[in-house]
Structures are given as C-alpha cells and as structure tokens.
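Have a look at the structure below before the remarks.
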C-alpha cells in the first residue's frame, strides 16, 4: 500500500477543480495541465502546480498522452486522475501510466479495453447473465448499416463504439435518414474520440435511463451506491439527473443493484464505475454500457450517501479496502447541468466572456464549476459551465430547492439554459415523477413558452443606469470603450 | 432626461429625473415611479420601489442594457431622442433577413444553395462549436438570396452567413 | 391548521437571508425590514418585499415592536419569524403578535417568559428533576453581588438575566474584579437587551458546552436532534461548533437527550429550541439555559440530520405534527463563525467596505452569509459576516474540509479571523477532539504565532500591478481616486 | 521600472520590465523571475511562475497593495525612488507612539490619565463598536503624553486617541 502524495489531473474545467478540492483536503498536492486557451482557467489557478501543454489542438493537449506522462514525471506526481471525457476511458493511456510506474486512478487497462468497445462489452455481459439490448456488430459501410437496420427494425440508434457522455449518437426513425445519420455520427466519433467506428442498437422507446454507481477495491469487494435516474435528456445528452429514481420499487432497486455488482465482477473491475441500464415501463431492464470512470453526475450520489467518491477512488488506488464501508442512503438529490447555450435559438452554444456570474448558496445547495466572473469561456470545449446539485429530505423539497437555487444564479455576457431547466423541473409531470427519455420531446411546446417578465421595473432600472452614465457617474463600465476594454484587447493580442 | 426604450419589440417613452432627496423620478409612458437606489456599482443596481427591493446585475454596451433578475434576463435598448431618430429606420427595415452566426465556429455542411426556396424552420447549414454539431435554421420562409460562407470556413460570432428574401 | 403564505422576518443579515431561502423554497412570500444603515444589505435585496423601519437606533428599528407589527399588518404577512437576537426571546413581542392575529414562529409568550429570566428557569428545571448549576437570584446592588460571590465562591460568572449569545457575561476570578465586572456587565446588558438585570453562577472550569436541539409540536410530541458541542469560545462567545461531540459516549448522549426532552416538556415548549448544558470531565452535566429560538449554530444539526430546521419551524407553527418524523443522524459537521475583527490587534472589530469577498464551494461546504462583495459592513451591528459550515463522513474528514474551505475565502478591505480559525482547527488538540471552554486561553501562545508567508511571489505580483498602474493600464481601481470612489462618496453623502 | 517594496518591516529593491513576449521580468534584490500573467482585472491578478499558478485578490490605495492568497494576506508598500526618499524619514521615525482607533466607535471609559506610567500591554481605554466593548492596549511601555479623547466621544477610524512617550 503506497500513500499517494501528488496527483496530476489529466483534465480541465469543473471536474479538475472538483478532484483538486478533495486532494487539498487529503493533503495531496495537485498538478494541473492546460492548453493555450486555458491559461486563465480556474482549474489552473486552483492547483498547486500548473504545467502548460503548449498547444491548442486537442491532440496536442488534453489528448496528448506522451506529453502528459512526461509532465507527470517532471512534476514528481505519483498518480494520475483522468476525470471524465478526454483520456478517461483510454486503455492505451492507462497502460502507459502503469508502464511508467504512475498510479492510474481507475480500473486496469484490460478492463477498460473489455468495456470500452461497446460491442465487446455487450458480449461479455450476455455471457455473465446480464440482460442486454438487441444490437449490431461494428459497422464500417453504409451497406452493412442498411442490412443491420432492416434486421433489427426501426427506430434504431447509431452510436460511436468509443463514445460516451451523450456524444456520437444518432436516432434514426426511417430508412431515408440512415445515411446522413451514419455519416454525421462517424464524423463526430472521429472528432470527439479519435475513432470513427459506430454500431447500432434497437431504440427502445419510453424508457428510463437508470445507472448504478459501483465501487470495487483490489480485494474483490464490490459495493453499489444505489441508482441515478438520468432520463431527462436532450439530444441524448443528460441534462437533469436525480436519485433515488421515482420509478424503482425497493424490489427492483435491489435486483438491479445485484445485477450491477454481477456486471462489475464480470469484468474484474476496480475503482469507481457506473453500470448504465435502460428500463422500460413494465420493469424490464437491459445493460447499456459501463462507464469505466467517474461520471459527470457523481455528485448526486455523494449527496445522498454522504461519501466523497473522489476520496474513495484515491483510497482504493492506494490499496485500501472497502470491506468495512457502510452505505447509508438518505433523502433526495437532483443535478442540473448548466450550459452556455441559447434555448431560444435552437440551443446554439454561447461561448464568450462571463461578465457577471453569481453562484447560489444555502443549505443543501452545491455548485460545481470551473468558471468565474470575468472568465472567457472558450469555444473549443464542452459548453457545460457548471453543475447545480441540491439535496433535501425528499424529492418534493429537492425540486423546491432546485428552483430556488436556479433563481439565485445571475449570468450576464453569455446565454444559458437556466430558465429552461427551471421550466422542466416545474412541469407537472416532472413534479409527479413521470420522467422518461422522451420527456423533452413530449414537453417541447410547454418548454418553449417564454416567461412573461414584467419589464417596467427593469426599464426603470436601466433608465437610471443610463442617466448616471450620461452624467459621467457610472464606475467603470465593463463592456464599454473604457480602459478595462482596452486592457483586455491588448492582453488578448499579446498573450493568446 | 427623456429617453426611448425598446424591450421585446415594444417601445416606451421614459423620463428620468434625479430628485433632491437622492431618489429618482422615472415616468414610463405617463406612469410615475419614485425609486430609491441603495446600491449601484459597475455590475449591479439595486432599486427599491413600492416596498420591492430588486437587485439587478447588469451589462451595458452602447445603447443596450442587459439586466438580470433571478432567472429573468431583460435586453433593453435606451436611446435619447436624437439617436432614436437616427436608428428608427433600422427598426422598421423589412428588407432581406440576414442569418448571423450566434457563436464562433466552423461551417461543417451547407444544406441549401442560392436560389433555393426554404420554409420557416428549415435547416440552412450545420456549424460545429464546442465539440457539438448544431443546425442553423431560418425563421421565416423565403428564397436563399446569397450564401456568404463555404464548407470548412471558420466564422466569428455575428458573421452574416446567409441572406433570405421573404416571399 | 392554517397554511402560512407570507412571513415577515424581524431580523437582518445572514439569518434573515437563511430564513428567506427556505420560504422561497416553500412558496412563502417574504417581507424584510431594514434600518437606514441596512438599506443596501443583502437581506433587503433578497426579500420579495422590503420595508424601511425609518431610523438608525436599535430602539427605533429592529427592537421597535409596534413598528414591526404595523409593517406586518400593512404587508399582509400572516406570520413573523424573529430569527436570533433582537426580539427573538422577547415575550412582550410574541404576545403582541398573538394579540394581532399574527402567527409567531416560536414558542408561546408564557414559555418565553418562563425560560427568559435565567433565574426563574433554573428554578423550574430543578423542580422538574433537571440538574442545574449553583447560582444566585437577580442582583441589583454591589453589596448583594459581594455577599453572593462569597457564598458561591470564586471563580464566578456574572450574566445578564435577559442575555444570551455570549453577550453580557463577565468572568470574575478574584474579589477585586467584582465591582468593575458588575458595572460593565450591567452596562452591556442594558445596551444589548434593554434590561440591566444580572445574576451570578458558579463558574465551572474545564467544561464542555453541550447543547441539544429540540423540536416540539402542538400535540405534545417532543424530539431531540442530537447535540452540538460549542466548547470553543473566545470571551464566552462561541466561535466553532461541531456535532457529534467527541466526548459524549452513546450512553451519555442518550441520557442527556432524554433530560433535554424532559426540560422541553417541563416548560410546555413548542417549536424549535435549544437546551444548553455544561458537562465536566467526569460526565456530570448541568442545565445552563434554554434558548427559546433558532440558534446561530443550527446549520450543523441540519447537515448531520438532513432536515431543514426553518422549514420544520414553519410547519410546526402551521399546526403540523412531528409524530412521524424520523431523525437519521449521519457523519460530522463543523461550523466556524467568520468575524470582521483583527486577531492581531486584540480582536478589534473591523467594520468597513468588503472590497473583495469570494465564497468557498464544493461537496459538503455551506456558507451562510448576509454580505456580498462591495457591501459596507456597518459598525452598529454584530461583527459576524458569515458562518462556514462543512459536512463530511467523519470528524477527521470534516476538519480537512474546513481547512480547505477556509483557504478558499478571499477577503479584502476588512480584517477577519479566518486565519485564526484555521490555526485552531489545525492544533493537535483540536484534531484529537480535546476541546473544552478553556481551549482558547490554553492555546493562546500557539494561536498567536503568525504564519510565515513567503512574500516573494506576492511582491512580484504587486510590482506587476504597480507597473501596469503607472502605465495607465489598470482597469478601474476600486479604492483609488477614480470615478468609482467619487460615486461612492456622493452616494453616501446623499443617502446614508 | 525600479521600485522599493516594504513588507512586514523588510525592504527590497524590485525591478519590473515587460518583455516582448508579454511576460514580465521581475528582479527582487538581484533574483530574477520570469512571470506570465494569464489574467488581470480590477481586483484579481493571476501569475504563473515556476509552474505555480497563484491567484491573488488585490486592493490598492496610494502606495499600498493588499494581496490575498488562500488565507494569507500581504500588505505591500511599493514606492518609486522619489517617493521612497520622501517617506523614508517617516519609516525610521522613533518619536512618541500614537495609538489610533482601528475602527469607528464610542469611547466608553478612559483607564489612564496624562502623565501615567504604563507597561507594555496595559489597557488604555475601552471603546464600544459593533455591540461589543473592546479594550485598547498599548504596545510598548512609556508615559501617557497626551489624551485626545474623552468618555462619550464618538470617534472615526484612525483617530489618534493617545500619545505615549517611550521611556
């Protein structure tokens, strides 16, 4: 058992900060890495040491395995935490860590291999007795695609073999849409994961996306930390997650938990991972995939169990046993993903300078973010700016708390989906727990209604601002032609 | 000080005066409000009116004041009379619709050609930004008059992409 | 049972905001009140309606009962939440609420009377079989003081009969100190509570301050929500509180909890309250007083039970039963009180403008505050600017989390006790759970050591700032001679 | 640009130059540092040096720069040569100690009279502020030379209260 003393976080943004916070608590030194665009990112400022990756392209920076290994050695870090996305499910990278005597905080490379290619993992799970969805082998030509689609039957979903996190997926309802979807999916798969391989699965409608958090140590102990319901998705991207799920009975929860542990054992898993299931209205569930890393939505599990999953990951990687760990679930938690995007303009990403950013607070409110007021959100990365997580004694109170907390966030300078998220959680169906993966489509009309804000007070406030401005009394307009603006322009010209 | 405001397509006449008490008298289309302002700085204004305390974050750029209160955003244009008259022509302009990029990004695919008839809501092109492909759609039906970009182009925010002539 | 729809919060600062947050969640409208000095306070901005009390003196504002009742009626509020301090333990005020058909969120006026005068409540508790500390009757002349001090024996402690919250207390070790302490205590009692009456108690050394949170409904149901250990005090003022207490065995916890329920029932208590005990090293404990209101440190109880105490208060006031309430305790919580004061200058209060204020975040971190960046902390009120509360799976992790979170707060413009709090929690004795009310005195030397900060990097940063400043590139210096400064001066001249 | 810094009673010679790369060369008492500054605004400066990213909040007033990093505060005075020479006399001044109020408040009680001998740490007077009584003590032993306030006075921050002549 080797005590980890310094960790390099091979990631950026909120997850890098979140991992660093736990490291600081545990007295473990942190090393951040950054691309040129991320020089002024919060994860760089927060770390004790920060190393430039020296480039802008993903391949040169956050996906540059050799460079990251080199920096790890140079900094003297004894472990790497991959976060989610980027190299977090890349067995080659995990293998390089092992070869270079660096502790990889995650499962063994062989396990990543096994579970990484979705077609392979489905086979393994079938053998272990875990139910799986009907699907295809990897598809490389449009002819194969057409043949398989006919065999499985529409609707089908095309997925990147190396994908995850909602990217690289296309739903196809009719034969005519097959070819453009195949092309577009391969393109996105190549761009996002460096691997164009795709496969298809039967698309099961009216389903619930239920995933189980599992942790496993090096001594064969596997435990689950209950489920997360991630059914609220837009374009196959989770936007609201919650636990416990409203549709699981205690019996079903127990059964799925046991299958999750079975699946985890089947691939000789170590560290924290997630077993994703789809569940239909009649209680049938199927293994979808395993995420061999920390999940974006892990905080809701932390809130209901009171356990710090990153701390558990580090301790497992150090060789500690989880045999004595007692999991005591309580209350309800919800996470909303706040994106820099414009819900009134087809959810276009909205990168740019965050002129004003106030974060919500109070009992049971957690805001995980990697941005700050004055920070410019780069256009090259995922548009998620924060995760707002709430905890309360039951689901009704958690929804009330979420709407209160969403109302406390002030953002100016970019567009966000905050009011859209608020509309979702305040629909009658969401409040009653009637959620499934079709929720957004089925509530499109209700969610596109614009709130009628009474503008008189705002006009008066703006008029007072204009008055003071014209009197020369307004201090330092941020976006005006004053020195602040000049300073920025100059800096960006020189440094970026 | 007399101003014209524009919010959500609606125009109002606004008159602001500062009183000796330090409060402000604001008249919006004839309706008078006496407003106290306990706090004002470079990005916040807090007004107290009718026993309601409203705490707005704000951002300004030229004639535009963007205010945020709770989860509501208000984009308010404010002009003095001279500037309003100057810009008035633009507001009522019903010429060809120009579709602009709402973000910096890369043109991945053009889905229309010049001269095409398009329907309201039809996809015009696909842009990539922040690792996602996004479809740009047109708001109104019309004829594609001009396309200013080609596949592979990297565009800045607010670049004119396509011009559509209404039917 | 009457559903409360609108609450006037008869308080200011962080506790007003904290109560309002729960109201917003429950869909209850909020009414704030404010003195002239508090016009730009956060609790005024946060409320849906805010009414000026129209004055600066306490008697004209937060202690002005008739004015507050008048505003409540004018605003249409159907209930008043008194918070802590001010009128929160004033039976006359509670009685006026009842007479005016306003729901008072707290116990009955008679109960406040019973428990308010510490000498009366001690008698009642003795009769009910609750152990109490040897003490005196109310003292009005120095002659009585001398006689009683001789009877009880030094050290003694002089306390304001109407006091609470650490104010109006004087420890006296020798006969010579008696008269100045008596004078000063009466003066402070008069100024803070409007009542100069004092009494004395035997001062028990090496004690632990243990209090039990209780809640009671209108149907005779009384439950306790476990203890809080508030032993870390400076000048008899709590500065760090935690739960669970390190020195309570499970048996002792159960015994004290039962006595707390007995005491609560003895005074026919309703709503949330706190039974304060002192506990010596040998396990003897004595009833000290009952706080008939919400306590400053209530958040740590919320963290370990997951229950929102303000929501419970409102529901009890509405007539709901707590019979079915299950109290499920988990983990450990600590609260640090952040004060505007200078630990390097005899803890002088440090009011003034909060130029920079960044709040800490992350899993298990809660920051309850009533201030914001740019706010001027008035000199007339309590110097507490926030309460930092952390939750973790055990005490060791909670201490680690607290030191991390304290490090994330940036404050400029005023002095704070942040680094002092950090030093306390990082002492070996605190880490080992060896705390008692003498802790601060016993660790004075250790706590007064100044951290040796390596200044080279800070000097370089300051030099770069000076360079850019002299080049005219620095945007809008906040404290300089620029327009921001002029604007403030003008505003303060006009409005304050 | 040559400067003199003062921090915790210590003086250093500081030389700042901006390089063509946009980075800064800072020499402190002969020791050279090449520093990158990814972010700077009205209350924050973020420096990157030796793979350490340090994110300071700051506040300035005349020659004083107050910087905050984690729970550490640095009060740094920075002077150009001319100003340093002007103020040098003050720094070394060992005249009578002036005790100033560190906050606005009310004088509740005077505990000494002019001419009294006082010891280091002895209580001088009691002030009330923020609902608390606070005792003002003297740092060094000496004779009370002059008392500028009387009981009941309301004083501002930084008012000279008492002057003590060192023995």
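Each chain carries a letter (A, B, C and D) given by its place in the written order, and its residues are counted from 1.
Keep in mind that, in the parts below, a residue touches a chain if its C-beta (ideal position, glycine included) is under 8 Å from a C-beta of that chain, and two chains touch if they have at least 3 such contacts.
Not measured: the values here are computed from a predicted model.
Set side by side, A-B and B-C show the greater C-beta contact count at A-B. Each chain gets a centre from the mean of its Cα atoms; for chain B and chain C, those two points are 47 Å apart. One simple way to say how far apart two chains are is to compare their mean CA positions; for chain A and chain B this gives 31 Å. Distance between chain centres (mean CA atoms), chain A to chain C: 39 Å.
Across the assembly, chain D contributes residues 37, 40-42, 52, 54 that each touch 2 or more other chains.
In chain C, 407, 474-476, 484, 487 are the positions where the chain touches two or more neighbouring chains simultaneously.
All chain pairs that touch, listed by label, are A-B, A-C, A-D, B-C, C-D.
The residues of chain A lying in touch with chain B in their complex are 167, 184, 187-188, 191-192, 340, 342, 345-352, 355-356, 358, 379-383, 406-413, 418-419, 422, 451, 453, 455-470, 474-480. For chain D in complex with chain A, the residues that touch the partner chain are 22, 36-42, 44, 46, 48, 51-55. Across the complex, chain A is touched by residues 18, 21-22, 24-27, 299, 302-303, 306-308, 311, 328, 330-331, 359, 361-369, 391-393, 397, 400-401, 403-404, 407, 472-476, 482-484, 486-487, 490 of chain C.
Interface of chain D with chain C (complex): residues 1, 3, 5, 7-8, 10, 12, 14, 16, 18, 24, 26, 28, 31, 33, 35, 37, 40-43, 45, 47, 49, 52, 54, 56-61, 65-74, 76, 78, 80, 102-105, 108, 128-137, 157. If you check the complex, the residues on chain C that touch chain B are 32, 39-40, 44-51, 75, 374-375, 476, 484, 487, 491, 494-495.
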